[in-house]
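Note that chain A is present in both complexes that follow, paired respectively with chain B and with chain C.
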Partner chain A sequence: MRPAVLAALVLVLVALACYPAVGTGYGLRSVLQAFMWIALAGSWNLISGLTGYVSFGHVAFFGAGAYTAGILIASAGWSWPIATLAAGAAAGVLALAIGGPCLRLKGPYFAIAMLGLNEVLRALVSYFEGLTGGGNGLSMPTLDATVPIYYAMGVTALAVTFGARLIIGSRFGLRLMTIREDEVAAEAMGIPTFRHKLVAFLLSAIGPGIAGALTARDQGYIEPLSVFPLATTITMIVMTLFGGKGTVWGPVLGAVVLFVAQEMVWARYPYIHPLLFGAIIVAVVLAMPRGILGLLQLKYRLPRTV
Partner chain B sequence: MNIVITPAMIGQVIISGILSGVLYSMVALGLALIFGVMRIINVAHGPLLMLGAYTTFFLYSAFGLNPYLTVPISMAVLFVAGVVLERTLVFRVVDAPELSSLLLTFGISIALVNGAQLAFTSDLRAVEYITGSWVLGPFAFSKSRVIAFVFAGFLTGGAFLFLRSTRLGKAIRATSQSREVAMVCGIDVGKIHRLTFGLASALAAAGGALISVIVAIQPEMGQIWTFKSFLVIVLGGAGNYPGALLGGMLLGLIEQLASLFLTTQLSEVVAYVLLVLVLLVRPTGLLGGRQT
Partner chain C sequence: MAPALEVADVHKSFGGVRAVSGVSLSLERGRIHGLIGPNGSGKTTLFNCITGVERLDRGRILLDGEPIHGLQPYEIARRGVGRTFQMIRVFPELTALENLLVVTRGPRAAAEAHARELLAFVRLQDLAGEYAGNLSYGQQKLVEFVRMLMRDPSLVLLDEPAAGVNRTLLNELLDAVRRLRDAGKTVLLVEHDMKVVMGLCETVFVLDHGEKIAEGPPGVIQSDQRVIEAYFGR
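Now for the complex of A and B:
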């Protein structure tokens, strides 16, 4: 990384770290959500951007993390930082259990299996009312922890992005991209493709699990419909595509730009918001499937780890 | 739950399963056609069904038309809508990676659902045309479901006859077997794609029209139908058109049985586990790998 870029990056990080001292409640909440989207889009990018396996139900890990933390906090009385770590671990375990069978499925079948997983988790959460509160939701004791959660979410976003940088620059990342380009050839070259996919899937589940737990704690109340929405999966996919999938900074760029755009549209046109969202999806898919960074990479010969 | 399950209940479940199964087969046949010919999973299939249901509802409530007479009108309207969608948007992602086609059709789906919410509001609407049941011995046959069964049976049969015997139908099957060879034989593949998308939308519309007489409709009714249709074509084997018929029946029966032995909430879980199992054990569907 060039010194100028590095300096700019450090400056941004310092500014974000100091922001809670001066920011308004609304501003803080907005940046917190931007962090969440960076963590989600960056995590989706790890499995789908690198290996080409489209996870169409990635919000399942977000919801699983939210409910793990919610139950641990509300019923077992754990403190939220420990419950958050447990939620990340739980999302990882879920990824291993689901990845075992599902990562053997190819193409659209994997995508739909993941979509189904999300629906099933939602059904299960509604069904086991004793534990989860069912459709009535789950309330946690009130706690004003917005600032610590702000930092925790920021660290999560940073960790996902930094992790992606490490992976994309490593041989492991190269092997994942080989699987994306041609899985049979990757297998023939001696890459244990299934194990690689499973590790990538595991890594991609931890971030959403933690983000889900932090969001649950921040909001203090979760219900099945609010933590398993398909729209969240689609949003993280579109953010990653918009910025450039398979790149380090693409998800960050996409998350920030689209989140800001969404906030501005939200405030002004709440009624047609989903309609515009649909139009944005169609436009991104048709006009810029490689994303902003993908286009820049084609044009200016940027390093692979941009 | 401690409910004693009698043979009559099992019989009733099988009847209900078959009655709704044919409806599933018909709607899923549309999805199967699009997947077979264009290799696209059309996430907007369910929302197109919803538009068909609203077409019937408005023709019924505004002009007092017999809802069953509106079935062909709904089909025609959605045929045109399907052709327009294919012509303007969907054809662009035919050869793209599956992520593009999934997202594009999902974008269309959001736009359709939200557009319907704005235009028709989210209120539940019902076509109250025919209610009650015919009772035959220990079994009850819901009138609207029996009529839907007959319609769906004829339309599905007609679609198969079309695919089997007409030149266009054969061209569709040829394109789904091999696009290149179809082109070499002088088939206008672009036209076949449009026709297929239109036809699939018309089948979805027929489903929507028939459903609107059975249950109340609302803009978000469609999404579950996309998932169910996908399940049907996985059960039957993707791109295997007779398989869709079998898959629909199976799904109807499984759902009814699951709701008898488990709660309705868990029947979704059963369907999902079934989906993953079938994909793992028999990825070509229960009828095997035969295409078309």
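Now for the complex of A and C:
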């Protein structure tokens, strides 16, 4: 990384670290949400951007993390940081269990299976009322922890991004991309594609699990509809496609730009928001299927770790 | 010593189509073998059976005397079977160098040096940083060829190496295949270009309707009545 870029990055990180001291409550919550989107989009990129296995139910891990943490905090009385780590682990275990059968499916079948997973989880959470509160939702004891959660979410976004940088810069990352490029050829080259997909899927689930737990704690109340919305999956997909799938900084760029745009449009014209998102999907798919960074990479031969 | 590869009574059907039915053949170490036959005679299916892409309905496949049927394709590749495809299958959005690097382990610098060496072997060293998808058809074919060599396979399976390749490039490829043979590797190639097969191969197997109808040195095969019938009809 060039010194100038590194310096700018450090500056941004320091500014974000200092922000809680000066920011308003609304500002803090907005940045917190931007962190969440960076973590979600960056995680989705690990499985879908790299291996080409499009997960249409990635919010399932977010919801699973939210409910794991919610139950541990509300019923077992765990502290939220420990519950959050447990939620990340639970999302990882779920990914391994689901990935076993689902990652053997190809193309659209995997996408649909993941969509189904999300619906099944939502139904399960609604059904087991004793544990989850069912449709009434789950309330956690009140706690003002917005600032520590801000930092925790920031660290999660940072960890996902630098994890992606490590992976994409490595030969493991290249092997994941061979699955996207041509899975049959990858196998013929001696690459155990299934194992690679499973590891990528596992890694892609942990971030959303943690983000879900932190969001649950921050809001203090969760219900099936609020933590398993398909719209969240679609948003992380659009963010990654917009910024550049398969790149390190694409999901970050997409998350920040679209989140800011969304906040600005959302505040003024709530009805235009879905329209805008739909328009962006169409524009990205038609005009720049590689996203902004993918396009720049092709044009200017940027290193892979951009 | 066991043959380099032994295919014993292999059967493979797709629905009602018997793509390969009861084929047996044996490859000698360090020789170039040809596999020929009209379209739909089962050549590519047999390749797919050997490399684990297709499961056998019946029969056995032994590599150096060890059974490999039932293994995953990547396991078979790791045991030293390298292949190229009828339709080129490079990784288009990876650079030529990255195409070769993906299978390496250990120190990256050494792996890169080895990959560059192989690219230089087919005179692509200057295009190492180019996306494979941007290369010409012939260049992609060469990338696919040296990519296969990265694992230093003992058995090399080539599916129509001559297809769509100009004369100059073809001669380079054929030279490279001979050099592999001279280095002790066993080669099996599917080819439609009879000149290539007759000039290169030491033993030729002929498939027709999924069955092996002839086997022998090219000179004998050329005048075999059943082979002529299979190609030109009665």
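Just so we're on the same page, the second predicted complex is superposed on the first by the 306 of 306 C-alpha atoms of A that agree within 3 Å, B and C clash if a C-alpha of one lies under 4 Å from a C-alpha of the other, contacts with A are read in each partner's own complex, and residues count from 1 in each chain.
Here is the rule we use: a contact is a pair of C-beta atoms (placed from the backbone, for glycine too) under 8 Å apart; a residue touches a chain by one contact, two chains touch by 3 or more.
Every value quoted in this text rests on a predicted model; they were computed, and no experiment measured them.
Novice: May I ask you to decide whether A:G27 touches chain B, chain C, both, or neither, giving the answer as first, second, both or neither?
Specialist: Touch status of A:G27: no partner.
Novice: Using the touch definition from the top, say if A:G278 reaches chain B (first), chain C (second), both or neither.
Specialist: First partner only, chain B.
Novice: Answer with first, second, both or neither: which of chain B and chain C does A:R171 touch in the superposed model?
Specialist: second
Novice: Among the partners chain B and chain C, which is in contact with a greater number of residues of chain A?
Specialist: Of chain B and chain C, B contacts more residues of chain A.
Novice: Contacts for A:I237 in the overlay, against chain B (first) and chain C (second): which applies, first, second, both or neither?
Specialist: It touches chain B, and chain C stays clear.
Novice: Touching A:G100, do we find chain B (first), chain C (second), both, or neither?
Specialist: In the superposition, A:G100 contacts neither chain B nor chain C.
Novice: What is the shared patch of chain A, the residues that chain B and chain C both contact?
Specialist: Shared contact residues on chain A (touching chain B in one complex, chain C in the other): none at all.
Novice: Applying the document's contact rule, which stretches of chain A touch chain C when the two form their complex?
Specialist: Its residues touching chain C are 171, 174-175, 177-178, 180-182, 184-193, 246, 298, 301.
Novice: Please output the residues of chain C touching chain A within their complex, sorted ascending.
Specialist: The touching residues are 51-53, 72-75, 77-78, 82-83, 85, 89-94, 98, 101-105, 108, 111, 129, 131, 147-148, 150-151.
Novice: Under the stated contact criterion, what part of chain A meets chain B in this complex?
Specialist: 48, 52, 54, 56, 101-102, 104-105, 107-109, 111-113, 115-117, 119-120, 123-124, 126-127, 231, 234, 237-238, 241, 271-272, 274-275, 277-282, 284-286, 289
Novice: What residues on chain B touch chain A, complex-wise?
Specialist: 41, 89, 92-93, 96-100, 102-104, 106-111, 113-115, 118, 227, 230, 234, 263, 265-266, 268-269, 272, 275-276, 279-280, 283
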